[in-house]
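Shared chain: chain A. Partners: chain B in the first complex, chain C in the second.
Presenting the complex of A and B:
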């Protein structure tokens, strides 16, 4: 009998950490955690999101843009310059990596919408979202893959260590990091399809598949979001933006809309809670994320981890001093925090919500 | 006894070293500085004893047939998949989907376990698997259980010790839960009853071994009442393809 048969089995892997005291740590830290789970991915996507990395430009939106062709750059820059003050333009620093022979042109812009462009009661953040949607859906070969303030996403096709080396993650310092290694199942492995997915300061990394993608997509399109990145996870980033920023839901309520309790459990609740969750499910039925998932979402003031309602993907959390960690595997946390004070597996659908102390 | 330092060792290299030691006839192997290496003990046969220091990776002891593995910390997901014989002792907590399709041997876990533990467990007249959990379990404990013994002790607190969908689709085997069981949490096929003398004898025997492995007192564990859960339908789909 042949026992030498080798097959690479995998799912995606994710990891994240937040210093509740805003203490900034190097990207080499989170890369070490992610690299422990390299075998959960297959080299067709990895990425990092970091908060607190651009303190010298913290009041500007940091647009990270990938260009399939250098020629598209001029078109996008004309669009940007027509509506934004551009404080700084630079190519995102990269290092040559043997495993990444080809990459898009990667440029970052620190920008601020021109006041005269914000007509009527248009919010600055809405204006930025509309720019992201417009560039991503209308300009062939250009994708704004990061658009928050004092944060940024760095992602591409490669293994966790290759992408970290390529983007020189060790040179960035952030108080909140999320990271992802990808095993694409239903959609192509391409630079735009790697995680994290971001919009404004929301960032998402995700393990699983969102089988409600079609419903979520059509719902988001009614509110002007354009789904352009060919990966189910994209809906989660835009749903958070819609529910929390635009509709003003609190994070726990938004989580209860994305991963609602089952009706049989709602029926067993006290009157007030039952009515509230019934109203939430009826109102946001199209925002429900169905299918297996564990995901982390970061924002400027915190980190949230959540599972689907029957825990079809793994998630472990741990605490040590001012840092909270969450990852697909406990060993990925222990790779950078060998003796946590507390380690636990969050219950299905029950979000772990961590905020900053200030 | 042989010690293997697993620090920074890729899982394939570590598992090759373990196999080589077993092939040389080594009976006692200690793996030091383990962190996240997958597939430890998979498909291993014989009566070797492996002690793991650190958190081993997923899919430990799959298809294992004989060895004893002791994990001195927490463990991750998918332990004991289709295991045939031998034992895994976990001194800390463990993750999801333990003992999937397990058909013999024992999993003794001191702490809590995650979701889908003991699903599709099987037993026959010659042998059956046993999983004993000292802490709490998540949803789908014993889902589609077809044989063997599942014991949940809830030793560490007053909160709920078991999740929803307990024994859903169960059609063989026995689950014992130390404390009360909410019928609402059980699958429709599950009957909840008081254990009789014979049941307590089975329990006592299984728990003696568990307590010996983990330094607990049998009297303490037996000091509280148990509920017995068994399928109350007999092969409901047995005739599905016969008519």
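Presenting the complex of A and C:
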């Protein structure tokens, strides 16, 4: 049985930006935005996700793995080599930071599933997901915290500026960034517990507590997801994977499942739309994210920001030229974009969906 | 010579000073406790069942119904009911019957479960200010939907969705047949179901024509006696239920004696007046899960694919049985726990067979999830739902909705005296005696039942608000928001619930 776990709780700040023209910007930019929100974190976790950072390996899955014990590295590498062609292995470059005296061993792998391992009609992406699930739930002390193509997550226990300095974020250039600082109410002291959470090229940063966690988790387990991190955010990441990648829902429809319109609004729609939204709520009732949250999710083609159905957590968006910004606070946006063309607070449950221009 | 070695359970007493000899108690008592002695009311207290009808109708408050202080000697092993049953059996050689759900002191898991609430890290929600959604749909859900954008830019379904029963609150009325209860009692249920946007269930007694106006709020039942079943009946409601078993009497059939089959009941059941209505223990065309599948699909064919519910008693292997039922094509699995009520059952069966709804529900919900088919059918939990808190706990354990029977009857005056099988119910509920049923005015009593559903609706909204969620689907199966107190680790494991403090 898998119910006797301790759930992790946290308050947080988040920020993100996307250049619709795929213009790549340095990580120092997003770090500046995140570091402004000092009240939203307590130094117990921060992280960044960036897209477009590995152009020279863009066709390979970039696995970022943390090892609590260097000894498990060999076990994991054996698992990987058995099923993947490994193009490159390197330690993730870090700088010494006084506030971060200890850190797990951090290694990245650029890999591609071996063709002969994809038996039957197994999708490559499902194969990668199953590897991630397997390593994370079965190999003690090893944790794949990033598994997409041409993107990566960088996160750990520390405050936003220390984590940025540690991972040398200024050296990466991406067209889409999300970042997160946290205020855990219990102290996990575990690097894997920081945001962003990623699976394939989904990355999620999240502020809030998902009060429906228990049923969201059991729903995902029915589809083979193994929830190893005991945080709300993991649930959101897997739900997006299930609804969008596996069930083929469009992003707006998936958002309408995760933060569904109220029945009173659905009842007012005309027949076709009402039937569609009713069927959506019936089918995905257990996927409804209920409770206070704002979250950003990035994927290789865009950035989405969404609030819970009654907006119990802040989310502000702004636009300037080809860049859209979203953050917990307007000041975090103005820290890096002093004079946006437009600033607005998205309505409860109404997603802000930004895609790339090409 | 003694009349019975089983002493009367209750002492009906009249304060002779207060009594004005109006004889209302004589009129009101369905069990004939009172009679007129020329100058005073005579009392035959052996017949009293403590239904309290006389008490409420005495204008002078002259009546008192006491528990008989003369009891068998206290014995921690030989309980009162053990000795009493033996004495009754020694006198009659029969099987003592009973009504209502078991009243023995087995552990009540609902009372060992507590619900979570929000503090600081997540805000609670005020149901008076924010929308709070209880709407529930019963029926098969697809595992995914295909939605496309129409030419007008609006979303529309690419494939039609399976039929559903829409409920404004996740509470329905459990099946109670015309015959076991009076037509007026059924009318109370139907009126309240319509008003509250929920459903009642005909039970195995056919559908009286007076209920036809309520068909959008009725589930019709098909059970082993097949009373009143024809194609018109199958199509009369929003869904059809196949009754395999009942929590109060798993594995046994039913017997409505001929005295309780007057013309109207006979017509509705489509049997001759005054013949015993026998519901065999098994359905004689269902001896296996394949047979059930055939019946489910026969009914679907006959009804143009209305949802089909299958009602079973909670027994030891309920999880595997429920899984088979879902795979056989049922859209709804109705689980009736051993505390569930009955109009008549042998007390030995009622008190000793089956398992509680809490265990059964948790096991079934888990099993269907393990097998990846939880979406294929809705689960209704029944058998002892006493309050909105029980309902909330059942939903958190995994039920889509709960069914209430006894609670609904209590709004009609029932005091759970447990003597429904006699057909003398003084409240006009479980009787067909016209002078008794006439007292149950459907309009007056429907109002009371509607009040109950409204009260529970408000309470459920308060519970959701405290949990910081604004829709019932976020409570359904959300066992993380329950904690057990004083439960052993096995039980916690079966329920999938953490102990309080964790």
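Note that in this section the second predicted complex is superposed on the first by the 343 of 358 C-alpha atoms of A that agree within 3 Å, B and C clash if a C-alpha of one lies under 4 Å from a C-alpha of the other, contacts with A are read in each partner's own complex, and residues count from 1 in each chain.
Methods note: contacts are C-beta pairs under 8 Å (C-beta built on N, C-alpha and C of every residue); 3 or more make two chains touch, one makes a residue touch a chain.
Predicted, not measured: the structure shown is a model, and the values here were computed from it.
When the two complexes are overlaid on their common chain A, residue A:334 makes contact with chain B while staying clear of chain C. In the superposition on chain A, A:90 makes contact with neither chain B nor chain C. Shared-chain residue A:275: touches chain C; no touch with chain B.
With both structures placed on the common chain, the touch criterion links A:78 to neither chain B nor chain C. Shared-chain residue A:357: touches no atom of chain B or chain C. Of the two partner chains, both chain B and chain C are touched by A:310. By the touch criterion stated above, A:218 is placed in contact with chain C alone, chain B being left untouched. Applying the stated contact rule after C-alpha superposition, one finds that A:345 touches chain B and leaves chain C untouched. Note on chain A: of its two partners chain C and chain B, the one contacting more of its residues is C.
Shared contact residues of chain A, touching chain B in one structure and chain C in the other: 3, 310. Remark: chain B residues 11, 35-36, 38, 43, 54-58, 74, 76-77, 93, 95-96, 112, 114-115, 138-140, 163-164, 184 touch chain A in the complex.
Contact residues on chain A toward chain C in their complex (touch as defined above): 1, 3-4, 6-7, 9, 11, 185, 208-209, 211-215, 217-219, 221-223, 246-250, 253, 256, 260, 262-264, 269-270, 272-273, 275-286, 288, 290-292, 309-310, 312.
Here chain C touches chain A in the complex through residues 118, 121-123, 125, 130-131, 133, 135, 137, 141-147, 149-150, 154-157, 161, 164, 369, 372, 374-375, 467-471, 473-481, 492-493, 496-498, 502, going by the rule given at the top. On chain A, the positions that touch chain B within their shared complex are 3, 36-37, 39, 265, 268, 310-311, 314, 316, 329-332, 334-335, 343, 345, 347-348.
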